[in-house]
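So, here's a batch of structures to check.
In the two complexes that follow, subunit A is the common piece, with subunit B as its partner first and subunit C second.
Up next, the complex of A and B:
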């Protein structure tokens, strides 16, 4: 009888555990799916999400903050930032500026190095391009990105006189 | 209704002066086509359903992109892909066995439908030894599986085939024993008589709960579905006996698997769940409703339980299901004598 009793206990126990398992999956059946159908839907990203760098514009004057000093280019561990200096009297500005996004690792070092609040990390994370050349972002696209993403200025430490 | 329609067609054939056998041929061909289309359509639906149900159990969405809403054209797209894929036969394979196996696996699952009564008088052939026929036919497919495993000349597929053979042969026994209880109660092996014996809500699941549980477990094992999917355990055996198959030959295995799922569920409904009986709806609708309900339950079990080991599988079959099925028969016998 000992054997039979053991078996019976076994059966009851396993039936109970199978029932519990079925209950768990049943509860999950009615939970809303957590899938985000990416190209159609997007996850809401945090306002301080760090994407690719962008050139920031002074909101009042509508001009770039950049003075083409080259500190960011020196700070970049990969050396992928290039620029050319243009002068208009005392004013200094970049005539060209580029970041090679095929190599950029979004490390934020250029932004930290910049003494003029001219660079900021935007929240753009979709970096795929259809042509090789487009991976190198030029002055025009970088400054447009800086204007498109006002959120890119949030969370940057203000070093100069709190103009923000 | 069906019988009278067939009779009219037969008379029409006679007025055209066609011989008697031509009607029989046309009749069988028509029935075979209907059954084949029923299987194909339900498999088309079930593969999609399986993926959807599995996804929802795991808080995912499943196929969404092919056909709106909810990717209902997904399986159709898969079939089209399988049709145009390259058919590969390995160089070292036994070509005859390799080619024959998918067909031999699929045919028995189609043969199941011959005796299943979809409604009153709606079985393809109302066989008087229907139950015996079912038990006999279901054991053929294991030959095809062994042929596929051996013919591929691949160690994984041979391992899977050996497991399949052990599993199917083991669970054949409790399946037949469980079914015996129903036959004793109904006093007939004809599936239509068995359903008629369950009229008025006297479903056999109420008097044969033990038999139903044994049948359900043995059926899941026969279908080689989780938790008994040792023969196609992806994590151990790559894919199972069909590793070397591609394109349409591969999809035949899939077709056989899901076809057998519908077939076995249909048999379970016929034997235990009152077949076509039910209020308001037409008999065929009740039969299909119950069948697909049972399939949903089997899917639910599949996405809940983990796979068991081969020794546990043998244990469960020989040391638990067979004794339980025998007890069930004994109790049924005593009940019949006493009542």
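Up next, the complex of A and C:
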């Protein structure tokens, strides 16, 4: 008799739990989806997000801040930043500049090392290319990226804190 | 397995204990007859339940594990050797990649060691920020474990739930550090940048949600008879064995040993917070499960206290212009997986002369040959690997 009672309780309990479970499923039918249809829609990324590095331009003069001093190249753990120095009287500027994005690990160390605020992390995170060679970003593309993409807020206050 | 007659293959030698008779051609011996009943199976390296690229060579009798040996090294990338070439700041970015599920725990260990070696003072605010981030990281790491452990045992719902919550955490990390997985957030003497405005509000909101849901998370698994049957009494590890094998973290505490470096060898500002060290005496997979679930609750407590007491001040202290220390230091910290130990030796150069990384996952993996042959089935082996929560990036380094 006790066995039968136990079984009955079991059956009632299981039926109830199935009902509860389906209830949750049913409620979710009327909720908006939390997924994002990626290439068409994008999630909003934080203003602090750091994607790939970019060369920053002086807003007023429209010239690159970079003086091709090479400090970022030394700070880079992987040694993937290369540049060539050009001189025009006293002015120093890079005649070429490249970052090998196939190896970059987006660690932000080059940005922190730069004393001229010439480098910044852009918010670009789609790094795929159709050709192997275009993974190495040259001066043109890096400065265009710096003009088009807002630089990450991260890393900027760090230099002030570190050198006091 | 009759192919073993004549000569044992490399794998069989690796799996060990091929009887000597079996290697000599001739009439089938007792050892060979035994071998015929047994089967050598490679679990991994591309098996989803091995959490990465772990290969386990399992000798089976029917479904029972007779012997199992982990074969590691598929992710080896010379971390310690690279450290001898790089400077101290660059290694911070690389240390993230050891235990990539809990990157900040690695940075915490490395920078604490470096600061002790150089003698850098860390401002109070920086220490609090570090603790907040490290404990949030512990929650996110345990969430990944919770999801994948349940997934290993055939439950899909917890996985989706855990990643839903982790997504919120990753957004928080993104707002504070700029990255979602490998943060490179700590610096000698503090952290790179201050917490963004409104960060504490967002964290508190998350903690409230997490606190509500953790009970539900616990119930869906412990209330499930199949889950309990798959974990209770499976792969039991006694306290003495856990200590002898150098287990640490939740794996040690799941065997009833009351040991937590945050309380017993406090570093940073952990001695200022009230929290319990969670233990469970049974030593089986379910005990390790309970320990980790309770640790999420305790981490929530710590983050709350740290947010309440977050002092004003600098987020980065004064550091010497060039970091070129001489001497050696050993520092250990409590990561979500156990004890990370960093041995650092500097000889006045821009980088260390030697860096040795003790990773908990590597140590825990050595429990596999011990626990495997104790009447475990293949499915129990999966449960055990899930319950010790290994990250192969840390095992191979």
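We take it that the second predicted complex is superposed on the first by the 152 of 164 C-alpha atoms of A that agree within 3 Å, B and C clash if a C-alpha of one lies under 4 Å from a C-alpha of the other, contacts with A are read in each partner's own complex, and residues count from 1 in each chain.
The rule we apply is simple: a residue touches a chain if its C-beta (ideal position, glycine included) is under 8 Å from a C-beta of that chain, and two chains touch if they have at least 3 such contacts.
As the structure is a computational prediction, the values presented were derived from the model and not from experiment.
Contacts of A:121 after superposition on the shared chain: subunit C is touched, whereas subunit B is not.
When the two structures are aligned on the shared chain, A:25 is found in touch with subunit B, with no touch to subunit C. Applying the stated contact rule after C-alpha superposition, one finds that A:35 touches subunit B and leaves subunit C untouched. In the overlay built on the shared chain, the residue A:130 is in contact with neither subunit B nor subunit C.
In the superposed model, more residues of subunit A are touched by C than by the other of subunit B and subunit C.
Overlap of the subunit B and subunit C interfaces on subunit A: residues 34. Within the complex formed with subunit A, the subunit B residues making contact are 53, 55-61, 64, 300-301, 303-305, 320. In the complex of the two chains, the subunit A residues touching subunit C come out as 34, 45-46, 48-50, 75, 77, 105-109, 112, 121, 152-158, 161-162, 164.
In the complex of the two chains, the subunit A residues touching subunit B come out as 7, 11, 18, 21-22, 24-26, 28-29, 31-35, 37.
Across the complex, subunit C meets subunit A through its residues 86, 89-90, 93-94, 164, 171, 174-179, 182, 184, 187, 189-190, 192-194, 196, 314-316, 318-319.
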